[in-house]
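So, here's a batch of structures to check.
Two complexes follow with subunit A in common, the first pairing it with subunit B and the second with subunit C.
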Partner chain A sequence: MADSMQLCNLSENNFEQCTKCSICTTVCPVAAVTTDYPGPKQAGPDGERYRMKDPAYFDKALKLCLNCKRCEVACPSGVHIADIIQRARMKATMGHRASLRDTMLANTDLLGTVANLVAPVANAALGLKPTKLVMHSVMAIDKNRTFPAYSRQKFTTWFKRHAAKAQDAYPNHVSYFHGCYVNYNFPKLGQDLVKLMNAMGYGVHLLEKEQCCGVALIANGLYKQAMRQARVNTASIRQAVGTKGHTVLTTSSSCTFNLRDEYPAMLEIENSDIRDGISLATRFIYNLVDEEKVKLIFKQDYKRRIAYHTACHMQRMGWQLYSIELLRMIPGLDLQVLEQECCGISGTYGFKKENYERSQAIGSILFKHIENARVEAVATDCETCKWQIEMSTGLPVENPISILADALDVEATRRANSAGD
Partner chain B sequence: MIIVGGGATGAGTARDCALRGLSVLLVERNDYSTGATGRNHGLMHSGARYAVTDGESASECISENMILRRIARHCVEETDGLFITLPEDDLQYQQTFVEACQRAGIRADVIDPAEARRIEPAVNPDLIGAVRVPDASIDPFRLTVANLLDARLHGAETLNYHEVEGLIINQQRVEGVKLLNKQDGSHVEVRGRVVVNAAGIWGQRIAQQAGVNISMFPARGALLIFGHRVNNMVINRCRRPANADILVPDDTVCVIGTTSDRIPIETVDDMRVTREEVDVLLKEGIKIAPSLATTRIIRAYAGVRPLVASDDDPSGRSISRGIVCLDHAKRDGLEGFITITGGKMMTYRLMGEIATNAVCAKLGNTAPCVTANQPLPGSEEGAPSQSDMTKRYSFGQRAAIGRHGSLAARIEKDNDIDNALVCECEGVTVGEIKYAVHQLHVHNLVNLRRRTRVGMGTCQGKLCSCRAASLMGEFRHDVKGAQEDLAAFLDERWKGMRPVAWGDTLREAQLTAAIYEGLCGLDKAVNLQGKEDVQ
Partner chain C sequence: MRMDTVIMGGGLSGLTCGIALAKRGQRVTIVAGGQSTLMFNGGSMELLGNIDGQDVTNPLQAITTLPQNHPYSKIGANRIAEIADEAKQLLADAGINMAGDATANHWRITPMGIAKPAWLTLSENLRIDDLNQLPAKRVALMCIRGYFDQPNGMLAQGLRDLGFDVQAIEFTTDDITSLRRSPSEMRATSLAKHLVSNNALQRVADQINSLAGDADMVLLPSVLGQTDDNDIVTLQRLCNKPLRLVATLPPAVAGMRMQTLLRHYFKMLGGNYLTGDSAIGGNFEGDKLLNVTTAKLADMPLRANNFVLATGSFVSRGLAANYERVYEPVFDLDVDADADREKWTRFGVLEPQAYSRYGVATDDNLCCLKQGKTIGNLYAIGSILSGHDAIKMGDGTGVSMLTALAVARNILCGK
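After this line comes the complex of A and B, so read on.
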């Protein structure tokens, strides 16, 4: 009888399926560089038992977790270890006021909006040594960090002025969740996506309303704001996927992971009806090529040696293969696939003064691999990995979409994909 | 004077005697708290459970309950308890119950079922009635050790692994005990003016050795330990006591129990839990908290209640749940021998007081009993406050303070090694292991587990046991001994898992076996056959 009753042991976050094998701890980038962090097994499933006894047993060492999710990828029992840790942090800090520093780092879109208006001044000021020292001492943002440069023109402004009108003419359509980085810092990536999709015969459309996905808000404890923004985004995506029948494309692995997986797991926002409608652009394009729905034709004279770095959240989704295989379609590209290692930045984590040294220690293995690969550039799907690798190795880092757009013979591709051709 | 038995009663008696200035030796044939003391619910009764059927026990419980909250703070968690009425129960009984509680002096507040669901979300949502009482959770291992520590602090000597082989009797007077040292096989005789038999259910054998007869009625109870807490308040059924009607949150786990079966005295050492017992516990347990149906069970265990026949009824039909103190001089004409038995872990202090009063009467000692007011070591004032805990102490240090109270200050924590976790499930550091081994009479890993919770978590010793064994081997300069101890410990852990070995508990056990046997070859290195069962 007992065995028929106890068919499964399944409590919240399935932490009791942990058999304490400790594989997660062996892949944890934080535990590898500091004894201050007890590792995902102890911080997650083990600590959870104590926190259930009394929330006062919350261990402040949990703040050292990067939320890179490597533990979840490694777990043979499918325990959502990082989710357990993040939710514990959430419960422990719910209702606390975030510091000015954390609020500023977390509000990537607010900061972007202001900075765009005064981009040259902001870029210059943020790059000045005195500014950095003030930020280091007053704001506890590490002086070694450089803020990503802000663009003079937002992506959305460019899109409305130069691209929006032409999109309806294409036979197929997708929506695009551009994210803060594309909008405020690097509109070129969005432009590259539009160029690529258009050449394949796909019109690109913005969502009805897009707000910052909130990945940094969650990481910095601004949960209420994260929930508000998540609701807005989920409603817009639901409209695009449900009403218009669009797939919603993204060009940032962290935004994608947040929209698809962290919304339900962290913010309890139900999205199972639209989750499959959200896809990283490389995955979407790879599938189109694979199903022979589109053809990509590349420039004959393109020649580069590039290393691909798998961002941690990319690995959690298991989607790095799409980006890698798509890049491998470029004839002139010598692609070196790096062993998956965490770069150490983890969004806003590495910007904080108290985390800087740990962040660099974590990334050192990856930086060594990159150095050994002797490449001219690095490709990755995550913008914060990009900043970290650029700062730490001096090499340029590009999104696979930009590399594809650069290598693409646009005219030939357009002709190959036009109806009746 | 000599006390036989290192359970809560023996330890409580030793403390009381030592505090009244007597010269005390306590002997225990196994480890401390291995009998009924370590094999119950860990429930600090308010007395409500006995209120209807046994008013006297109920009054004793509530009075001791209030005392233990003061003197044993670090062993007690003030959870409060609920007595719930389910649709299949008679709601009329609630009225009878509340009135009986009031008569016994137990606060019993009838609360709305919705309020019960709010304060204890794990409770069966179908409940139709609830009463809130001052039940709590208590750690009997800590409680026993704290009493022993205080006894030693006041001059007592305590020996575990010393078995009484016989009593020294001279002209109708017990003058001492013959002991077997189970660790080195040596024999020793110790003399004292009074021998107190506090051996629980095994007290019948001790009495036989003195040639007197006590009729014990062993009642066996089985319990299940779940991997984590589902409830933070004690939950009882509001009905006449029956099988599996109490769910207690104990430290990091929760425990459902018990069954109750009369067993022959010859079988009291057989603690194996049967499949039928597991089934009954689960079937009834999920009525209290439905989530138990899908919560991982980590162990099953059983204990034996030392019920005793009322002395004026040699037939044994009338059994007392109350405390029985026998002065064998008056009863059997045998001087220098006292038996303290019956009662409950909950009333150990009172039993100690009663036994010590009897001893003092014999020895002409007039010192008053102070055990009701003097805090146990670990429960003195000055333990860190809750907010201090989160700010100043690491997770492992906080877990240790939870276990040892103010005594945690004795645990070394000045470097990374001492702060490193040996047991990750229960947060036991290297420093805590050192403290336990050097100061709390630890001879093997099983002892260590009772003092610290090493190996009591969901992995049941998978990761911590080899780390702890390695430390023990280092302290004792005995690698082979540590290896044997490790094998015996893992074997002991498996025994408790076997009755519930399905699902994740089975996966857990299989991984443990794969590591220690398959990978490390422990079964080849150590032959446990023929070794005496450490339990």
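After this line comes the complex of A and C, so read on.
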């Protein structure tokens, strides 16, 4: 009885739980560098009270929110502060037409499809000063940014030609949500995952239909398109998880967070039946090793010093532990775990001209930590953090899956995991 | 995932225990659900400040008179001095420079201008060793224009009551004025983030140097040094007169820095710190806890040889109450609390409140109890413990650090 009385007055994002302690504001990377943004407490729970009275109280400064979710992670009272802010943005801008620039940045898969076809030209053109200046002035994409290079061959094309046939022969099976980055920009990460899973005795399969997870669509206000794509993905994942009994693996923390948590929270797409079936590959692999279902054997001569950066959405999911502990299994790897700081890119945010300076100011703390760590490379589970850190520090940034695949003694691992069959 | 020790709670007690264990080579994971009450700490630690309304002058001696159910008595009054030294050293190792003596309390100044007994205080904060021998006669209290987390009138009056000759001086700089664009967020922590460049600090120093007149000492609200004390040292160097900081209303920069430095030290020792996750239950077998389930790790519980509950008191949701009972929400452990709801509180918020002494029941090793049975590998430390009163006895931070170190010792020697 007593419990149900308490539950009666909870809002959807439990903003009544806010005790006004202001701790969220102390960890907000945007409020730290600009006074234009009122900070998460004001933008979230405080503002929500006004907006509930009259939507006209919506403050345009809310678009400065990175949606990094650090406020939610810090909140001692469990308030979904960033969700409140993003939902408010969504309500206020629903039906507005997104600008050409935002539409282009948000449609990572459309851009990728076109760019793949003409990859050498696209890469060269996007790197040219005149192109950058045109993009800067006409499109408002900052001239200092470098677009991630496009691959000549899509991951899916490679997979169908070189890997698909062999997958059924393995005793165990998983599905893979590769995401836009692996497909259009960096197929090697997907190939590394296939290599790793195969060595452990797992066949890798593509989803029936995969579309861009839509994280950039949500951030850029293209909600209807995001919902359409989310429905397609959720149906495909449901088929893989429900019918085939596969776990759906991912190699991008932001895609994972979007598929699992933003779909229900932002797009109201019910996925509770399949949410547990979506896993970052490092989590899945760590668990197999932990339960002694597979063995990983690493090269004897592997030696590197690497710093691990916890992406904001990775921290929000609370899964950095798996990537970190998995990397710690590599005997020759000297791993430095960095203090969690936002890199400032937040997907497409940092690409926009109006955000560039703020984005770099936000990231400067992290860049300093990386510099002090004196490492040869940085590991992180997020591809946009990778672009930002590579551009800003000059160090190579790798996904933990690629580092594992690189350090793995493939033959020895294959033998160790097939012995019991 | 298997660890040597899993600690639930990432505040002062959880971090202290985690550091002590990781330093001895243990594999430790801390599950921290949001930021802790350390964020409200103005830069002092208390061992024992007050017994029955009387200020304590020698905490080590006073501890011997505490009742048997006080956490210090469970540690053993004879071990307190040694563990208190270890705590002070641990803070120093983490980069937190504090001064103080466990046999002689000094006085810290609250944001309201009240002197309270303290054990350790950050070296840059105003600290009074003897109320009859103030460290300065004339002080310039620098008040930042537009900053409202410091009740200047009350603070100035409080200092005057202590015998200081106080001149309250309002000042601002261009950097500070620009912050007022977001008036609702002009907090100590935002000032600390913006007053970092040497130029910005020089402008503050220029104001102080030109306005402080004939003061012997300058007091500034504690709005500097979020991640280390470099900015404070810089400003002290730039000022012509001795500069001391005074605690502000929360969120407190000093507490934030202590939290950051402790967390950083813990991670440097190889510890895992899971922010924004929280323990939601566990599996028991006989008198042992086998594993802990967390909200984020879901179907992959954390296994360990030992577990430490450091989830704090009511404010941190380590304890909870409904209309029927006071309870411990993660494992439903036995609590020391009145069954009769009428007894929980009494009229007058500043009166001693029974609920502030409530907490989980423990044996003399600080092991928790469930349905009367001791759980041999589940310990409780810090504010969640029963039998002490952080507000009325001034023993909160001391209990947090000392029980954490005592439990770390118990774990390491297999007690």
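Definition applied: the second predicted complex is superposed on the first by the 410 of 421 C-alpha atoms of A that agree within 3 Å, B and C clash if a C-alpha of one lies under 4 Å from a C-alpha of the other, contacts with A are read in each partner's own complex, and residues count from 1 in each chain.
To be clear about the criterion, a residue touches a chain if its C-beta (ideal position, glycine included) is under 8 Å from a C-beta of that chain, and two chains touch if they have at least 3 such contacts.
The structure displayed is predicted, hence computed values, not measured ones.
Visitor: Contacts for A:324 in the overlay, against subunit B (first) and subunit C (second): which applies, first, second, both or neither?
Guide: second
Visitor: Is A:412 touching anything from subunit B or subunit C once the two structures are fitted on A? First, second, both or neither.
Guide: Neither partner.
Visitor: Touch test for A:337: subunit B only (first), subunit C only (second), both, or neither?
Guide: second
Visitor: A:49 in the overlay: touching subunit B, subunit C, both, or neither? Say first, second, both or neither.
Guide: The first partner, subunit B, only.
Visitor: Contacts for A:391 in the overlay, against subunit B (first) and subunit C (second): which applies, first, second, both or neither?
Guide: In the superposition, A:391 contacts neither subunit B nor subunit C.
Visitor: Counting only touches as set out at the top, which of subunit B and subunit C does A:72 meet: first, second, both, neither?
Guide: second
Visitor: Please indicate which partner A:290 is in contact with in the superposed arrangement: first for subunit B, second for subunit C, both, or neither.
Guide: The answer is second: A:290 touches subunit C but not subunit B.
Visitor: Hey, is it subunit B or subunit C that touches more of subunit A?
Guide: Counting residues of subunit A touched by each partner, the higher count goes to C.
Visitor: Classify the contacts of A:38 with the two partner chains as first (subunit B alone), second (subunit C alone), both, or neither.
Guide: Both: A:38 reaches subunit B and subunit C.
Visitor: Would you check which partner chain A:22 touches, where first means subunit B only, second means subunit C only, and both and neither mean what they say?
Guide: In the superposition, A:22 touches subunit B and subunit C alike.
Visitor: Under the contact rule defined above, give the subunit A residues that sit at the interface with subunit B and also at the interface with subunit C.
Guide: 1-3, 5-6, 21-22, 35, 38, 41-42, 46, 77
Visitor: Which of the residues in subunit C end up touching subunit A in this complex?
Guide: Those residues of subunit C that touch subunit A are 1-2, 29, 33-37, 39-40, 178-182, 184-185, 187, 189-190, 193, 250-251, 256, 260, 263-264, 267, 272, 274-277, 294-300, 315-317, 322-324.
Visitor: State the interface residues of subunit A toward subunit B in the complex, per the touch definition above.
Guide: Of all residues in subunit A, those touching subunit B are 1-3, 5-11, 16-22, 35, 38, 41-42, 45-50, 52-53, 56-61, 77.
Visitor: For a test of understanding, state which residues of subunit B touch subunit A in their complex under the given definition.
Guide: Going by the criterion above, the answer is residues 227-229, 232, 249, 251-253, 275, 278-279, 282-283, 286, 291, 293-297, 386, 389-390, 394-395, 398-399, 416, 420-421, 424-425, 427, 457-459, 462-463, 500, 502-505, 507-508, 511.
Visitor: Mind listing the subunit A positions that touch subunit C in their complex?
Guide: 1-3, 5-6, 21-23, 25-27, 31-33, 35-39, 41-42, 46, 72-78, 276, 283, 286-287, 290, 315-321, 324-325, 337, 339-340
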